[in-house]
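Down below are the structures I want you to see.
The two complexes that follow have subunit A in common; it is paired with subunit B in the first and with subunit C in the second.
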Partner chain A sequence: MSQSPSTVHRPAGLLSRGQCILFGALLALPLLELVFDLGISAPTRFVLGFAIVGIGLNVVVGFTGLLHLGIAAFMAIGAYAFAILTCTIYPFQIGFWPGLLAALLIGAVAGAFLGAPTLRLRGDYLAIVTLGFGEIVQDLLKNLELITKGTQGINPLPTPWFFGATFASDTPKSWYFLYLGILLACTMLVRNLEHSRIGRQWFAVREDELAARCMAIRPDRVKLTALAVGAGLAAVGGALLASLISSTGEPGNYDFQISILALCIVIVGGIGSLTGVIVGALVMVGMNSILLPMLGQKLQQAGIGTTTSVYLAPDNYKYLLFGLALVLMMRFKPKGIVAAKEEDH
Partner chain B sequence: MFEWFDSDVLLQQLLLGLSNGMIIALIALGYTMVYGIIELINFAHGDLFMLGSFLALTLVGVAMNCGIVDPELMGASSHWWLLGTLVLVCGVFCGGLNLCIDHFAYKPLRRASKLSQLVAAIGVSFIIVNVGLFWGGLPMDILGGGGAAAAPKDFPHLVSDTNLLGEESFVVMTWNDVVIFVVTIPLMIALTLFVKFTKLGMAMRATAQHATAARLMGVDVNKVIAATFAIGGFLGGAASVLYANYNSTVSFQMGFRAGMDAFTAAVLGGIGSLPGAMLGGLLIGLVRAMSDQYVGSEWTNVVVFSLLVLILIFRPTGLLGLKQREKV
Partner chain C sequence: MSAVPIIEVDGVTMRFGGLVAVNDVSLMVDQGSITAVIGPNGAGKTTLFNAITGVYDPSAGRVLIAGKETVVPLDAKAWWSFAVFGISSAFLAAVFLHAEGLWLHAVTENYEYLKPFPWMKGIMDAAAYVIAHGGWAALVGGILGAAGRFAIWSRTRRTPEIVAESGVARTFQNIRLFPELSLAENVMVGMDRRMRAGFCASLLRLPSASLERRHAREEAARLIEFVGLGTKIDALARSLPYGHQRRLEIARALASRPSVVLLDEPAAGMNPTETVELMELIRRIQSTRTTVVLIEHHMRVVMGISEKIAVLDHGEKIAQGNPTEIRNDPRCIEAYLGKEDLG
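Moving on to the complex of A and B:
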């Protein structure tokens, strides 16, 4: 907080210009499909789900400056909370929207639960604790078979409904628009938080904890809210992604690699910038879930066997791409593709 | 009274825990040295260790195919010279690689925030994991191991499998256990002496205490950091051969687990402290072995990670770490 209060920038509208352009483009994406038969609105739903996770992680890493390496755990918590509360094999069956809301709340509580004892830790130690938490949650979900069905995962999950309309797997486009709407709501929520009192406190703690303390800000409490908001949004993202495939998948799916994918989304896109995070999700998840599988298919069609050689399956370059993305971004463009504006804060 | 309690089982698990603990300690030294000098959690260290074991596997495969060693005799007789060579070669390989990683990935970020260095280290770790996956895709049936690229690969016992405690003894102790202590203990003693009594060791301790002050006293800090990475990598490489030989399997994903165990050990002992890392490694090895036996192996990772979280929360300086600790 280097500026005097009079220069603190107030947002004029609900979205910044960059965000308007981005959402306009995302809204127009399925229109593109009317002309070209790309079939990308179905996999792009995964991008939207991960973008919500990225927005949550951005609150923790970008706004508050805490390195979080276990965000996948909260995706798992969201997905499993959603599944247990909505799946037909459990007695609750509260439906899609209440389930989503419950995932948000349970995720936020879990985030606060992790945060409460760990906030006094130094930055890198906190990172390791979040990583450890991610591993513990995976193993817990795997081992508590009575509740979580172990490695089978919970399925089937309900598809969303919206004012009487239900969404089936053969209508990816309406599903896409629904998820885009949820992403828009999350973006506006976090944008409002960012420019409110709590958002300015996040930035203050990130920039200088001691100075923030001198301004009567309690860093513990501020970090706790950041962790809770981040975890809640990640849980929503996890629930949405699980609803897409109608299963939580096995607990091993929510591994360190997913946490790092989310971190890549934030760092590549632009740490601290909401527009950047959505761009990052488009780049990273687009590469991970759309481009690489598509490339693999093309290779297979071209008669180059992807099953025989490990080097010819594009999927096997995933780790390399994630790793290079992190190393090169840190080295050459630490602010990401869309750099957050300093004067915003 | 306690049906599940059997002193033989306990002894066996103790031995297993100690042996694995010594290996973890060797890896933990690499973490603790680097952290002591530049306060970086060298996330890629565990994966470097994995790469060392792949090199060892490849070299053993080559040696078998060139007729230098007889595949039939693996596990039946001891190949001390082969094991010794592997420890040296893999140590030098990992040390050199660690040096390069520091030079290309971490050194340009020295002035950046600590978290961006950590992110870069995670990136390097992922790159190495991918290298390991591709390494496993090499014709490993000629080079040793075999199976699909991503599958765990068998590593032969390089020293004799016969039970040193006699054939009828329930507790099994073989040369594979002994060799771990034969290699790790001298290495640890040598490291301690090196840090205590050589000029470079003194420079390391000075840099760990205060890098700027050390530089003003004429210490070439960059050289010291490079040496730290090289030594840490060497120890990791040596540990990788012992690990592969003892546990008979290597996989491209094992670096993450091993790295987390070792990091937990370093933190448990007090990060930055050499004896702390050794003690922490032994304790983590024992905790793992006991948890495998008495809690259930599916809970072992939960136990270890919970331990890590609890130590960090309640005693972040670890067992042997002091406020005014002597680092490295």
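Moving on to the complex of A and C:
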């Protein structure tokens, strides 16, 4: 063999170089706040929550090539499972971490249950079914009033604790680090899957299902794994976001817009790339919950009132900007900000 | 050489609506041999390959691999899957139809303020409630679930993955690599049949999974070198020139260590030098005791390496024999070789 062993054995590191830089930057963000009073580590927690949802959706859409338009349903399932199991108005009250774990498992099982009957659907048909599932879950949560409190949403939700320290709502920095830690764990675990036999099966099914089948890969099993992993991560993201605002919000919050936002995160960031998804979350959610509100505040301070004219409220332009971002990405960088494969290893 | 043929095609007919693509074709492939299937375009060669590898289910006739019919048997595992689907859909139906009653009975009634929830009692009460009230829902849901699973099972008893599992690997006429994966990964997908790493081992990158991946990469590098693609195992498959893509497909097929490999026009689009190298490669594959069946139009390849040739025309097998017999068979000359002589 003419190959040197070092090129044949090139195990993927725990994080890629791009991911190391990204997490380094995210870790340094609150330090920046010590010097400049930006007040952005609090809203950036939403970015981290959506990044986890994005990573989950990326497993389904990016790795396995299944167009999923109902990921918000699994965020709702995660948020409600977490809320029912931890909220003080319910009898269970199992605490933050067991609640999060339960959200993960319940989300994954729900994903598998949705997946099982739909595995033989291809392309557009699967997209329609997932779209419908997204609507059904909202209606279910709305109408099971006895259990889910209907349109009121469930609150209050417990704040996270870590090594004995409970986080209050006035310490956004410790929440931020905790959520960053959870995002890091999710990234590393999904990266392990990406570079393993499981990931290879996902890719093979995405690239050419018939060829994969002729190599003895069972596409239904492979897709089911991807749907369960994606739904589980989306449920964790949903639970974390709910914990952040201490309420599940009403079921109607988990609507098609949220599914599309998650899809935009994946597409703008770089479909099939974990680094890209986190960058995508920073761009899309950052614009949505940091940049635009900040801009609105600045405009108000400058005396250009927002109460009188809807045209002067930057928040009202967010869907315009989402659309613009998508169109520009498709025209100039169709593989996303961080193209998959470029960031490998 | 063993007496049981590695592939036995027994009177296979493939109908697509009114069109009969393959008509009552029988074919024996001996273990360790090189067999060629030839015929004019549209003769049904690729359709026959698709019927052998489970891409199509034959309209009539059967295909035996090493003397066995490659269908999923109605065994304990099949019954188990019907049961699992039936029970889980029964459970879902019962729980969803009685969700609120279940909640009142099992959760609200068991809850005393400021006391921990009695999990065991709650679960027992829930089970009792479902048994008492959810009978009809569970019955209907269970029957639907089990019947649905049975319908899917009976329609997918002979699929490509099951045929591949029994040691048949193939390449495709219009190359079907995984273009966005590297050479090594393409070949490693072929090895999947022999890999054992499960979900948890992969998720946590346990030593067993890492070791397996390491060995797989070593073997992939060897196979890529075996088919003559050198050492750039991390290049993307789509970056390869056409002829090299065909060889990579062969490497991927060999990676599953098949007992028989079906090559669909391996020399298509290759220049004369590459064709000679391909013949050499096919002989080397045979020397690893792998049976080779190929569809080919290059007569030099067919006549040069095959021990047995079957000729198809308009979906029917019109001749079979060794290269000399085929060369002298009047029907073959008329159907196929004759044109080449004139041209």
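Heads up, the rule we're going with is that the second predicted complex is superposed on the first by the 328 of 345 C-alpha atoms of A that agree within 3 Å, B and C clash if a C-alpha of one lies under 4 Å from a C-alpha of the other, contacts with A are read in each partner's own complex, and residues count from 1 in each chain.
Note that in this section a contact is a pair of C-beta atoms (placed from the backbone, for glycine too) under 8 Å apart; a residue touches a chain by one contact, two chains touch by 3 or more.
Keep in mind the model is a prediction, meaning the values are calculated, not measured.
Room for both subunit B and subunit C is found when the two structures are superposed via subunit A, with no clash between them. Once the two complexes are laid over each other on the shared chain, residue contacts for A:Phe23 go to neither subunit B nor subunit C.
Of the two partner chains, neither subunit B nor subunit C is touched by A:Phe162. Look at A:Ile267: by the touch rule set out above, it reaches subunit B but stays clear of subunit C. In the superposed model, A:Ala212 makes contact with subunit C only, not with subunit B. Of the two partner chains, subunit B is the only one touched by A:Leu121; subunit C is not. By the touch criterion stated above, A:Leu146 is placed in contact with subunit C alone, subunit B being left untouched. Across the overlaid complexes, the C-alpha centre of subunit A sees subunit B and subunit C at an angle of 80°, to the nearest 10. Once chain A of one complex is fitted onto chain A of the other, the partner contacts of A:Ala325 are limited to subunit B, with no touch recorded for subunit C.
For the pair subunit B and subunit C, the model built by superposing on chain A gives 10 Å as the shortest CA-CA distance.
Touching of subunit A by both subunit B and subunit C, each in its own complex, is seen for residues 117. Interface of subunit B with subunit A (complex): residues 39, 41, 105, 108-109, 112, 114-120, 122-131, 133-134, 136-137, 148-150, 256, 260, 263, 267, 298-299, 301-302, 305-306, 308-309, 312-313, 316.
Residue ranges of subunit A in contact with subunit B, taken from their complex: 65, 67, 69, 117-118, 121-125, 127-129, 131-133, 135-136, 139-140, 142-143, 256, 260, 263, 267, 309-311, 316-320, 322-328, 330-331, 334. Per the touch definition, subunit A reaches subunit C in the complex via residues 1-3, 7-11, 90-93, 113, 116-117, 120, 144, 146-147, 189, 192-193, 195-201, 203-204, 207-208, 210-219, 225, 340-341.
The touching residues of subunit C, counted against subunit A in their complex, run 53, 55, 85, 88, 92, 99-100, 103-104, 107, 110-111, 116-117, 148, 152, 159-161, 164-165, 169-170, 172, 176-181, 185, 188-190, 192-193, 195, 197, 199, 201-205, 209-210, 212-214, 217-218, 221-222, 225, 231, 233-234, 236, 252, 256.
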